[in-house]
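What follows is a structure written as structure tokens; I'll ask about it next.
The letters A, B, C, D, E, F and G name the chains in turn, as written, and every chain counts its residues from 1.
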Amino acid sequence: MADEISTAMANCQGKSVLLRLRDSKTIQGSLIDFDIHMNLTLENAEDITDEKHLSLGKVLLRGDNILAISLPTDKS
Amino acid sequence: MADEISTAMANCQGKSVLLRLRDSKTIQGSLIDFDIHMNLTLENAEDITDEKHLSLGKVLLRGDNILAISLPTDKS
Amino acid sequence: MADEISTAMANCQGKSVLLRLRDSKTIQGSLIDFDIHMNLTLENAEDITDEKHLSLGKVLLRGDNILAISLPTDKS
Amino acid sequence: MADEISTAMANCQGKSVLLRLRDSKTIQGSLIDFDIHMNLTLENAEDITDEKHLSLGKVLLRGDNILAISLPTDKS
Amino acid sequence: MADEISTAMANCQGKSVLLRLRDSKTIQGSLIDFDIHMNLTLENAEDITDEKHLSLGKVLLRGDNILAISLPTDKS
Amino acid sequence: MADEISTAMANCQGKSVLLRLRDSKTIQGSLIDFDIHMNLTLENAEDITDEKHLSLGKVLLRGDNILAISLPTDKS
Amino acid sequence: MADEISTAMANCQGKSVLLRLRDSKTIQGSLIDFDIHMNLTLENAEDITDEKHLSLGKVLLRGDNILAISLPTDKS
């Protein structure tokens, strides 16, 4: 990741992010950490793809499965 | 990205771009930033694949999922 | 790309090319620029996969989604 | 993996982890070891995708097939 | 490509080759040039997958979509 | 592969291993050799995916198709 | 490929090998040459996937499409 993108991620640490994965699952959780491959760890993660949310606890997600990360806006 | 392609992207910063993703989703938003892997951040992003648009807010999209980026022409 | 292949592409700049993408879409447009990864920019691009052509304007296409590029022959 | 992510994995050694694979299988087992590619070895592994759990014994899993790893929280 | 493989390809320049692509299409054409990634250019290329052959003219094919190349034998 | 993972594989040489491939086939055989890409050679290999086992003899399997390797435990 | 694996392949030159490809096709032929990416050339190749064998002549197969190579045993 270039610095700009990396900064955008760093600003999200400790905040809730929404991940859309390549297999069309949607994961929500609080961003703990990440690395240059976009591998990241989430706390209190939930698979919210279906109506019935699935608690995942603390998870490590491989960056290459991630499609998009919804970042909290500065106001939220 | 080579310089020419990178310049084409840089010219789009702050403008609205239309992304077609590998999973055939279409995302529209205002380009904030990008890096050499075509990872990019969008503001006021919307998933406009289906009739019912889905607001995504500020998102980070991994470059390797991007199929094509419709660039605003100089006139628009 | 090796030099020979790169030259074949350079000869197409400003000319109309036909792209077949991995997802079996067919895109036509005027080649503006390209880089060593075959990322390329097209002007007046159209998705001509289906009967109903879809105007795409100016687009940037990631090289790794491209299957084949029909090059204009020297005569055409 | 960056150090932070690597530390998160190291903290799991000897503990039970839950893996979600790209082919949507779910594997549970006790983490023995891992490397920078997230290749990892599990003991007493079980494929718990379906109701009928499938005992796999000691397995080596390639990192590039892993979607997510549920990490035990510090309390558990 | 190692030298041996590269030589096998070089021997085909100006000759007709048959390509089988990953998406199970079959392309036939006269090999103009190629590079180390097996990107190659064909003249008088035809998509001969279906009964109805499709003329493609001069095409550039990305090597990573190629499954196999039928090489002309020395006699033919 | 890191050393720990490599050692786990080395301990299996001459022993029977069970491979699960990405295309959901299951292969069993006696591990002869392997390299850092997890390319490996098996003796007396069998495709045991279906009821009717298929003898494969001596095979070389590309590492990037391997999902998981069931390792013999020290006792077995 | 590591040396051990490379030697296993070198021992097959001039002999008949059976290839299983990622798209579940099965190819048989006499191994002429190969490189470190497992790109290989076969003589008298046949697609033996279906009952009706398909003669392919001399072919170059890209290594990244290969799933497994059945090697002739020393006795055969």
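Here, a residue touches a chain if its C-beta (ideal position, glycine included) is under 8 Å from a C-beta of that chain, and two chains touch if they have at least 3 such contacts.
A quick note: this is a predicted structure, and the numbers were derived from the prediction, not measured.
Colleague: Once the contact rule is applied, which chains count as partners of both chain A and chain E?
Modeller: none
Colleague: Indicate the lowest number of steps between chain B and chain G, counting one step per move to a touching chain.
Modeller: Shortest path length, in steps: 3.
Colleague: Hey, how far is the Cα centre of chain D from the one of chain F, in Å?
Modeller: 19
Colleague: Taking each chain's centre as the mean of its CA atoms, how far is chain B from chain D in angstrom?
Modeller: Each chain's C-alpha centroid was found; their separation is 34 Å.
Colleague: What residues in chain A touch two or more of the other chains?
Modeller: Where chain A meets two or more other chains at a single residue, that happens at 64.
Colleague: List, in order, the chains that make up the ring, beginning at chain D and going on to chain F.
Modeller: D, F, G, E, C, B, A
Colleague: Quick one: in the complex, what on chain B touches chain C?
Modeller: For this pair, the touching residues of chain B are 1-2, 4-5, 8-9, 22, 24, 38, 63-64, 66-73.
Colleague: Could you list, by residue number, the parts of chain E that touch chain C in their complex?
Modeller: 21, 23, 27, 32-37, 39-41, 56-62, 64-65
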